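See the structures that follow.
After this come two complexes, each holding subunit A, first together with subunit B and then together with subunit C.
Moving on to the complex of A and B:
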C-alpha cells in the first residue's frame, strides 16, 4: 500500500493530486496480475486495445526507456507514474518540469528513436511509418515519404534528426493540446 | 447599376402586366377561382389572400406608364395559351414577333433575381477597397433595402417581392446547410463536440427563457403597445435567440479566423437549430392547440418536451440513414460516372424533405448527412466527379445565400410593420446581454474540464459572433395566423431590426475588431509531412496511454471509431478498399501535396531560366529531373487559366516522381499504355474518338489517381507527352 509520505513525494514530483495518485495506484495494481510489485511487457500487452494499437509495442518500449530500465524490463509504480505525468495538461500557475513542452516532446522523440542514441535515422523512421501505414502504401512511397521527412527536418544535413531539429519541426503544433490527457480524480 | 434597375423595372412591369391580363380572365371566368389559383402558383406572393385585392389596381397603373402595346399583344397570347374555355382566340394579323411573357414568367423572374443578386456582388467587388470593407451579406442587405424603396416608390405591390416562407425553407435553405455539413472539418468538430453541444443546447435554451421572461415581465407592466400571452412571447424568443448559420458562414468565412473559434461559433450556429426550431414548433403547436381547444393538458406539455429529443435525434438519425444510402449507391456507379453526382445531391435533399415531412429537424438531417457521407463518397467518385460535386455544392450554397440576403433587404419594405420602440430596444439589449452572460458562464464551466481553454479573447469573439439571420426571418413570417395581426407585425418588425443590427453592425465591425485584437488567423499553409506523421503518431500514442490508464477519453473513442470505420464501414461503403486497421490517407495526401508543391515551384523556376530543350540520352537523374520539369511546365501553362483541380495536379506529379524513381531502379521499360481519357471530353468529337478506340474509362488504381487519367485529357499537347513517355528508353522532349 502507499504511504502518505510517498504520496506526498509523488505529488511534489509529478504534480498529480492525491486522488489521482490513489486512482493510478489501483490501476497499477490491477495491471499487475501476479502481484509482483512491478510491471513487465506482457502485463502491458495484455491490455486488449493496446495489443491492437499499431504503435502498441513502441508505446510500451517508450515506457521502459523513460525509466532507464530497458535492461530488465520492469517498472515499479514510481516509474509508472513518472511516465504518465508527462501527459498531464500544462498548468501555467503550477508549472512542473515533468509535463513541460520539452519533456512531452522528448517522449514523442523516444517513440521514434529505437536505439536511444539521441538521433532518429531514416531506418528508425521508416520502421514507425511502416507500423502506422505500411499496408496501405507501396514500399517506394514509404521510402519517398521517409526521405521527405528527413529532408524537411534535417537542418544540419547529417542525414538524421536530432532532438533539437525535432523540436523545431514541431514548433507549429500545439503540443500541450495534442499530448495531454485529463486524468480523472 | 442603372441597367440593373431598368431590368428590374421591366420584369416587374411584366408581372403587373400579366396580372392585368389575368384580370381579363377573371371577368371571363369565376373570379374567386382565378384569384386563388393565381395566388397558389406565384412563388412571390404572401399566403394572405386579402392582399390581392389591391393588386390589380396597381397593375393597371404601372401598365399605363409602361408597355402599352405589348400588353395588348400579350393579352392576345394569353388568351391563346389558355385555350379551352377562355373565350375567343384573337389575332388581328400575323404577329412576327410577339411577347409571350405569361409563358415564361416564373422561371424568368427566378432567373432575374438570381442574376441581379449575383451581379450586385460582382460589381461591388470590382472596387477592391469597398469589397473588403463590408461583408457580402451586408452589401446585399443594403442593396436589397435600396431596391425595396425604389420599388415602393414606383408603386409596385410589396406582396410581389415578399419572401415566401415555404420557398425559403424548401428551396433556399437546404443547399446552404448541405454545403456547411459537407465541408465541415469533422476532426475539429469532434474535438470540440462538448463545447459545441453545450452552446447549442443549453445556450439556446437559456437565451430563450431569459429573453421571454424579460419581455413578458415588461409586458405585464404595460411597457409595450400590445399584450401577448406567454406562449406567444416564448415563440418569439425561441426564434430570435438562435444564432444563424447562414449569417455566420457569410461573415466568418471571409475573415479567416482560426479553426478553433470558427468551429465553436459555427458548430453552435448549425446545431442550435435542433433546439430553436424544436422550441419554435413546440410553442407553435401549443398556441394552435390553445386556439382550437382552448387549453392545454399536462400530456401536451410532456409530449412537447419529448418532442425536443425526438426532433433532434430523429433528424440526426435520418441524416445518418441517408448518408449510408448515398455512400452505398455511389459504390456502384462505375458505369454511370456522369450520373453519380446526381445521387450526391438528390439523396441529401430527400433527407431534408423526409425529415421535414416527419416533423423532425431537417437542418440537422441534411447537415449530418453531408458530414457523414463525405469520406465514402469522395473515395467512390471519379476524380472529375468529386471536383464537380465540390464546385457545384459551393455554387448552390452561394447563390442561395445571395438571394436570401437580397430578400432580407427587401423585407423591410414588403412586410407590414408595427413599430414599438420599447419592444425593439429591450429585445436588442436583452439578446446581447443574455448572450454575454451565457457565453461567460458556459466557458467558465467548460474551462474546468478542457485542455484547450477558452481565453477571454475567444469568449469575446463568441459573444460577438452571435449573428441572427434568415432562419429567424423565415420562422417569423410563418407565425400561425391564430396570433393577432398586430402582434405578428410587431414580431416581424423586431426580428428584422435584430437581423439588420447583428448582420450589419456586428458583421461589418467584426473584421477590424479582430485585427485590432490580433486574434489568431487561420494558418493556411500546408502541414509538412513530418507534422502530419507526428500528429498521427501522437493520436495512436495518446489512445494507447488512455488504454493503459483504463480511461475512455476522446482519443480512445476516436480510435475505436476509426477502427470500426476501417474494418466495417469503409469496406461496405467504398469500392475496392483494402481492409486495414488504420487510416493513413491523410499522411499520404499530405506527402503528395508537399512534393507536388515543390515540384511545381521547381518547374516554375526552371521555366524562368528557359534553357534549350535538346534530346538527351536517358536515365541519369539529371535528365529525369529535367523531363519532370518539362512536363510540369507544359501542364502548368496549359492550365494556368483553367481551374484544374489542384488535387489532380498533386496526384499527377507524385505519381510521375514515384514512377521515375522506380524506373531508375528497375531499368526495364514499363509497358506502354494508352492514355486514359477523363470522364468528359471537351466536345463530342473527342468523346466519339475515345469510343471508337474501344477504350472504356478505367478507374484509378491507387488513392492518388493515375498519370494516365490526367495526361489523356483530350488535348493534343498532353497526348504528345504521354506518347513520348511510353517510348522507352529515350526521353526526348520536343516543345509542342
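Moving on to the complex of A and C:
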C-alpha cells in the first residue's frame, strides 16, 4: 500500500496528482500478476494491445532503459511512474524537467538506438522500419528509405544520428504533442 | 443450558419456517416480493453510506488543505474530460429498464468516483481492418512518415501500458461506491466514520451468521430436488408426460437453487423466449448463468463431460431430458460437435440449446469475440443479454484466481445476486452472410441491449498469447499508410532526374 508521504514525494517528482498516482498504482498492481512487487518484460507483453503493436518489443525495451534497469529487467512502482511521467503534456506555466520536450525526444531516441551507444545507425533504423512494415517491402526499398532519411538528418556526415541531430530533425514537428497522453484527473 | 435451549428453540424453527416458505414459493413459481424489498432496502443503505463517505472525505480534505496550504491540481493546461465512462452508461440502462422501486437509485451512488479511466485514449490498435493513422501534413517523404508512425506506435504502446481494453475485462468490475463488503474495499476502506464502521460490522454479522445457514440449507434442498426428481423422471418412458414433468421439475429446482444465492432476476421481453429447435446464445459471466436462465425456461445444455460432483449432476440431468455432453477428446473435434448440435436442433421434441459463444467467463463489462461454431448450423438464434448489478455482489468467476468452491462461498456471502436478462428477438443468418459476420451481428445486439462494450478481442487472450497473424495485420496497415507518401521529397525528384540525364550524356 502506498503511504501518504510516498505519494507526496512522487507527486513532487513527477507532477501527477494524488488521484492519478493512486490509480496508476492500482494499474501497476494489476499488471504485477504474481504480486512480486516489480514488473518484468513478460508482464508488459501480456497486454494484448501492446503485443500486437509492431514496435511493442522496442517500447518495452525503451521503458526499461529509461529506468536504468536494462540489466536486470525489473521495474518497481517508483520507476514505473517516473517513466510514465515523461508522457504528461507540457505545461508552459509549470515547466517540469521530467516531461519536457527533451525528455520525450530522449525516450523516442532510445527506442531507435538498439545498442544504446548514443547513435542511431542506418542498420538500426532499417531494423525499426522492418518491424513496422514486416514483409511488405523489399530489402532494396528498405535500404533506400533508410539511406534518404539518415542522410537528411545527418548534419556532421558521420553516417549516424546523434541525439542532437535527432532533436534538430524533429524541430519543426509537434512531436511533444504526439508523445503526450491525456491523463484524466 | 436453559438459555441455550430457549435461544435455539426460537432460531431453529424460524429458520425452518423461512426456508419452508421460500421453498413453497419457489416450487410453485410465485414471488413473495420479499427479495425485491430486501434489494430496495440495501440500495437505501448504500446511498446513505455513499453520502457518509463523501461527507467524511470532504471534511478530511478540508482539514488537510488547511494544514498544507492549497492543494493544487497540476493539470491546468488540460481540459478535464467530462465524458461518462462505461459503468455510468450501464447504470443508466439498468436503471431505465428495472422496476419502479429500483429506479430510485440516486446519483449519490455514482458520485464518489465518476470516471474510472486513467487516461483518454487517443491511439488505439484494434485487430481489424480499420485505418487508424492520422494524416501528418508536414511530412514529405516515406522516411519522415515512418518516423512519425513510429511515434504513433510508441504513444499507442504507452497508452496500452497505462490502460488497455482487454486485461481489465478479466478483473472484477470496479464499483463507484462501496457496498460494505471488505473484498471490494481497496479504495474505500478507510475508517472515515464510526457510523460507517458500525454498519459494516452489522452487515458482516448479518451476512455470515444469518444469511449463510439459510442459504446453505436452501442450496441442499434445491440440489437434492434436482437430482432426485430427474432420477425419478428418468424412469418414465419418452413422451409428452415426461417432457411436461421435466419442465416443471427443472424450473422448480433451479428456482430453489438460485434462491440460495438470493438471486433477484428481472426478465424482460419474455415474448421473445426461445422455442424448441433454436439455439440460445448469451454472454458469459459465471457458472451461475445457466441456473439463472433455467429459472424461466427449460434448456438443453451443452458442455464438456466433467468428473466428480459436476459429472454426476450432468448424468442425472441427462436422464430426464436430452443434453449434449462431450468427452474431452471429442470436444476438440468441431465437426462432430456441430453434427450433434444440428441433429438436436432438427428434432422438434427436443429443448432449445443454450450456448455461451465467448467460451470463457468475462467480467460483465464487455462482450468479447464470439466463436463462430454455433452460428454455422443454420438454426434460429435467440440472443440473450445478461447484466449483473455489481453493487450487490460480484458474479464474475475468475477461474485463474478462485476455485469453484471459493467462488460459490463468495456468492453466498454477498448481499444478493441481482441480474437483468433481456430476451432479444430471434435472428437468422442472412443468405450472403458469413458465420463470423452473423456472430458479430448477434454480439453487437447483445452488447447494445445489455449496456456492455462490444470488443473484437478474443476472450481466450486471458490464457494464451496474441497470435502472430494479428501483428502481421498491423504491419500491413502501416505499410499501406507509408505507401501514400513519395520516397523522395518533391524538389529532390527533379534534381535526381537532372542528375540521371547528365549521367546519360
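As a working rule, the second predicted complex is superposed on the first by the 184 of 185 C-alpha atoms of A that agree within 3 Å, B and C clash if a C-alpha of one lies under 4 Å from a C-alpha of the other, contacts with A are read in each partner's own complex, and residues count from 1 in each chain.
We adopt the following convention: a contact is a pair of C-beta atoms (placed from the backbone, for glycine too) under 8 Å apart; a residue touches a chain by one contact, two chains touch by 3 or more.
All values reported here derive from a predicted model rather than from experimental measurement.
The superposition on subunit A brings subunit B into a clash with subunit C. Judged by the touch definition given at the top, the superposed model places A:93 against subunit C, while subunit B stays out of reach. Contacts of A:55 after superposition: both subunit B and subunit C are touched. By the touch criterion defined above, A:140 reaches subunit B but does not reach subunit C.
Using the contact criterion defined above for the overlaid structures, shared-chain residue A:84 touches subunit B and also reaches subunit C.
Once the two complexes are laid over each other on the shared chain, residue contacts for A:129 go to subunit B and to subunit C alike.
Of the two partner chains placed by superposition, subunit B and subunit C are both touched by A:27.
Contacts of A:176 after superposition: subunit B is touched, whereas subunit C is not reached.
Residue contacts after overlaying the shared chain place A:46 against subunit C, while subunit B stays out of touching range.
Here subunit B runs into subunit C after the superposition, and of 309-317, 435-443, 525-533 or 669-677 the stretch doing so is 525-533.
Residues 24, 27, 30-31, 44, 47, 49-50, 52-56, 59, 62, 84, 87, 89, 108, 111-112, 128-129, 132-133, 135-137, 141, 144-145, 148-149, 152, 172-173, 178-179, 181-184 of subunit A touch subunit B in one complex and subunit C in the other.
For subunit A in complex with subunit C, the touching residues are 11, 15-17, 20, 22-24, 26-27, 30-31, 44, 46-56, 59, 62-63, 84, 87, 89-94, 107-108, 111-112, 128-129, 132-137, 141, 144-146, 148-149, 152, 172-173, 175, 178-179, 181-185. Within the complex, the subunit A residues that touch subunit B are 24, 27, 30-31, 44, 47, 49-50, 52-56, 58-59, 62, 84, 87, 89, 108, 111-112, 128-129, 132-133, 135-138, 140-141, 144-145, 148-149, 152-153, 169-170, 172-174, 176-184. By the touch rule above, subunit C contacts subunit A in their complex via residues 73-78, 80-81, 115, 117-120, 122, 124-125, 127, 138, 141-144, 146-168, 171, 186-187, 457, 461, 465-466, 470-476, 478-479, 482, 487-488. In the complex of the two chains, the subunit B residues touching subunit A come out as 449, 451-452, 523, 528-531, 533-538, 540-551, 553, 555-556, 559-560, 563, 578, 580-582, 584-585, 587-588, 591, 594-595, 657-658, 661-662, 703.
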